[in-house]
Amino acid sequence: MNRLVFYTALLMLLNVALLLPQAKNDRGSARAPLRVGLVFDVGGRGDKSFNDSAYRGVDRAVRQLGVQAEYIEPGDGSDRESGIRLLAAQGFDLILGVGFIFSDDLYSVASEYPNTRFACIDYAKFDAHGFVEPPPNMVALKFREEEGSFLVGALAALTSKTGVVGFVGGMDIPLIRKFEAGYAAGAMYVCPNCRVEAGYAGVTGDAFKNPAKGKELALAQYASGADVIFQAAGSTGLGVFEAARQSGENGIPLRLAIGVDADQWNEAPGHILTSMTKQVDVAVFETVKAVKEGRFRGGVRVFGLKEQGVDYVYDDNNRSLISDQARARVEALRLKIIAGEIKAPTERK
Amino acid sequence: MNQAGNRTLERIVPPLWALLIALGAASMLIASIGGNPHQVLGLLSLGTWRSGYGFGQVLFKATPLLFTGLSVAMALEAGLFNIGAEGQITVGALAAALAGATLPVGTPHWLAIFLCVVASFAGGALVGGIAGILKAWRGSHEVITTIMLNFIVRAAMVGLGGTIFLRESVHTRPVIEAARFARFSQWLSPSLFKGSAVNDSLFLALLVCLLVWVFLNRTTAGFALRVVGASPGAAEAAGISPGRVTAWALALSGGLAGLGGCNFVLGYKYYYEDGFSGGVGFMGIAVAVLAFGSPLALIFAALLFGTLSQGGLAINAVVPKELVDVLEAVIIFAVAGTKWPVRRMLSRSSSKISSGEKT
Amino acid sequence: MSPTDIGESTEALGCAHVWKRFGEVIANRDISLSIARGTVHAVIGENGAGKSTLMRGLYGLHSLDQGSVRIDGELIETPSVAASIKRRVGMVHQHFMLVPTLTVTENVVLGDEPVERGMLVLSRAEQKLIELGERLGLARDPALFRRRVGELSVGEAQRVEILKVLYRGAKILILDEPTAVLSPLEVDDLFAVLRRLRQDGSTIILVTHKLDEVMGLADRVTVLRRGETVLEVETGQTSAAQLAHAMVGRELAKSVRTTRQKTISPPTMRLKVESLSVRRSDGSLALDGVSFSIAAGEILGVAGVEGNGQSELALSMAGISTPERGRVRIDGQDVTALPVIARRRLGMRYVPEDRHGRGLLLDATVEDNFLLGVQEHYRRFGFVDRRRLEIDALERTKALDVRPPDLSAVARTLSGGNQQKVVIGRELAGRRDIPLSTLVCAQPTRGVDVGAIEKIHAEIERVRKDGAATLLISAELDELLALSDRIVVLFRGRIVGELEDFDQFAAGELKSRVGALMLGAA
């Protein structure tokens, strides 16, 4: 009994000692900076793509605009809304949700907190009557993925030696089908006789985090003749890179892959033809800047080639993989799209 | 010290120690990654018990844990280890969502709720029952079958998703208004629980807790279940068929887990959403193990894990969320590890005192 | 007086002023003992008297609240199993501490495995065991050591326990109720072994409640009652009657059965068994065409050496195992294919031989144990009628003097005798809705003390008078002779002999005839 009391007291004492208020590290000046909260998608920070790109945008705003930022990684489905709400309740000025999956959650919280500004990347809320416009205190950041995809599709077809190019999508939803549609259209535009192989990893959120499935799909497409594959599949795409990496030696001809969202050269150096970048960081940074400068407006904002919201990578790394002719041809296409002479489709025929 | 007092201490002290140890471990962990324990734990408590919203969220998160914890605990009473609560709650939630969305709009509130709750139970019971029947007929070990059923459910959802989910989403159609549980913020205290998703399914959970206790301790079927769990040999001699009891016990256990889906579907989002469960099925195992078969302790355990889950979100801005996972593990280890030494100390001290009195 | 003064030169094991308390119960109250080297010292007492507690304390299985232990004159401050083993003290437990899935040899060497270059070498251990078993008459068949413990009969397992201790070279043996599970012949064998060990200079402490064993073997005896020493005496200077009196604290009734007249004539056969054959899981025949019938108000005793089909007979009567061939009828109804519950509905009651494995829920309360098997009887709209159950259970615990008389006590905390009283109290209770028609009663007094035996026998006699047909399977020949109207002897799954009308035999003749039949020598 005495020992029981003794140990209990000891434990309590230890905790008190550990929890004694320590000297607080001074958190900057008196002026209240703009507070920005970012809630990641499940899968979260470190996906080397979408979420990280959003993080870079906020991070840039922290460094260049002097805003204060907090990040939340949700644990499960209900944490998404909780996370947003937590930030809203703490009086954050701008709250960003990364991914279409936030559409419903952000929509409902935004309606409850009309004085807080919200931003949803890839917003897509539909009801029985179709697309639902975001509330006035919320901006929907959408991208013309089909335009960027069109360019990499053209590049793929121009680079392919077999005349077959592949596409691996994550979850089979209209958002991802936009990638495929643009990609296929770009390829066919420059090479009407080419063939486009397409496959999806699944129909749930898990389809974005299944590298094994990605590799399986990629290997099948390579086997049926494709020598360039474009992936728009989150971390599932890492499997596509894995498949590409296992080529170019031991008698296997070089197989290429095209990255998505961010420059993914480092995932399989020498095998990444290019990456169709979705400048989420640009969109995020622009949104923070708009709030900072007091010109935030709700509604849908679309980032295309014209707004430099989408692009493809051409730098020292992959210069050797892309011929100058191909490069010139694709740049010409870019101008045509910006000028509106070519319209990249969002649905594949 | 009398025996009853000892037994109470034996119940209370180990979790208390576990909590203190976990708290100490958390403080050290936070300090080791350069954080300030005082600040972080302050944030944690503010994000949970010290604010209306946080408290509501703790209750909200504890609700499905009560169901899955109960599910696992009930199976344990029958000597079965149900690892399949995750798959069972998934099917339960989907069943409730589909039932609620199919009902005609004019359905009376009580009937709609009743039908959806029954659907969720049936959904979970179906999954649990498969494992039960396999065990009773073929002797397949329930740990294997329930785990495999988790994967099967997962795969089935992937297959189903395309046909039942709304456009550009990973969720189903919403259930009709009548099939929705009222939120606390709607009737209890709109200001206190503002925004929190805690809803009346919490009462369903508490009611089911009570019913399960009554079932196990007051009905002959519950007795049969406990006998099979305690001694299959004695069950045989008593004319209780262990196989049959195993089959329906796992179905029942699955049904309880399935009910957990109501919290999310009927009380929060009003639709089934892919990946909603976030591991509450597995967390239920921890809850049940922590509770050591006591219904009251089950409630505390569910609240504890609900607190950690919500608290993890609240402190996510300053520390990585993995820290909370580590904390959960520390608590489980600590409870398991302190029970024995506490009992030892109690028995030693009590016998010393008493024999001292008499000599 | 300092403890070391007590007979240092000749004492093997001793203790002074030992106290041990479990919660409210004082199990040992100021007990001092001194056991001389080279003797057999019996410690007797009713179940719950504190015998096992004392032995476990001496051996170091649990801490003493007070008091000290001496081994070979050396004062052991904190007794522990390790310290005991080091000083060559060995204990054979009442409940087997063997691993069923391991072989006999593996069990014996467990904890002290012979290892050569990191590999387990069993052959030498086995050789040593064969020698040991041969020399002491503990195991004459070397094949025994290759068998798995799970396949052994209770008696064989008991011998393995003893071998295990001897293998470790124990010179002081504590045997906790060693004969409880043995047949009379096996008991004789064991005693021969113990005598041989005593001649070799070993010291043996025999915990028992069987008075004839004490008188026949022990040099000195200590009687415990309710945790206290009430008598310590040389066996030569006492009598069984005196010991019994000291144990129970009162006079015991003589044999329950005085008359054996047929109360009903012509007899109506309530239980009828026709050429019953049962196979074991290994494919061998456990019962081979067994037929018998039992009339209302009749007790049929089944004698036999352990492992000759008695266990299987009880299980197939109860409905737990299905026979390969044959018919079983209760009151004319064919129940061969009926499960346990259906037989219970016909008024069959069953006292299993394995009370821990089948008779009780050790971790449940006494009250819940009174519900086991009769759950249908207490069902009201699906609920357990706790009020009625409590009333009945209280009445039965009182009638059988279950101690403590507390329905909320956990069965595991009860002594063996009191546990058995709970089983008997439940199964033999009179129930208005389903009167007891047939009683399958296997080893009703195994490991049970004299006082409890008296109560249990009286209960069996009571239901007999009420018209039940009783199948009494027992390894205790005295018990069978005292209770049965007729005795059949099972040998290798067949009935090899039947005896009735016991009065025609002279006193010793009956016993020796049954004994001969049990060996298949008729």
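Quick notes on this one:
Chains here go by letter, A, B and C, matching the order in which they are written, and residues are numbered from 1 within each.
The rule is short, and it goes like this: a residue touches a chain if its C-beta (ideal position, glycine included) is under 8 Å from a C-beta of that chain, and two chains touch if they have at least 3 such contacts.
Please read all numbers here as calculations on a predicted model, not as lab measurements.
In the absence of chain B, grouping the other chains by touching gives A | C.
Once CA atoms are averaged chain by chain and compared with the all-protein CA average, the nearest chain turns out to be B.
For this pair, chain A with chain C, the centres built from the Cα atoms lie 74 Å apart.
Averaged C-alpha coordinates put the centre of chain A at 34 Å from the centre of chain B.
Centroid to centroid, with C-alpha atoms defining each point, chain B and chain C lie 44 Å apart.
In chain B, the residues touching two or more other chains are 350. Contacts with at least two other chains are made by no residue of chain C. Residues 19-24, 26, 30, 63, 65-66, 318-320, 339-344, 350, 352, 354, 357-364, 368, 371-373, 375-376, 378-379, 382-384, 386 of chain C touch chain B in their complex.
Residue ranges of chain B in contact with chain A, taken from their complex: 1, 9, 13, 16-17, 20-21, 23-24, 27-28, 31, 36-39, 41, 47, 51, 53, 57, 60-61, 154, 157-159, 161-162, 165-171, 195, 197, 264, 268-269, 273-280, 309-310, 312-314, 316-317, 320-321, 342, 345-346, 349-350, 353.
Residues 2-3, 6, 218-221, 223-224, 226-227, 230-231, 233-234, 236-241, 348, 350-352, 354-355, 358-359 of chain B are the ones touching chain C in the complex. Those residues of chain A that touch chain B in the shared complex are 1-4, 7-8, 11-12, 14-15, 18-22, 24-25, 42, 70-79, 81-83, 85-86, 89, 100-101, 103-104, 109, 112, 124, 126, 171-175, 202-207.
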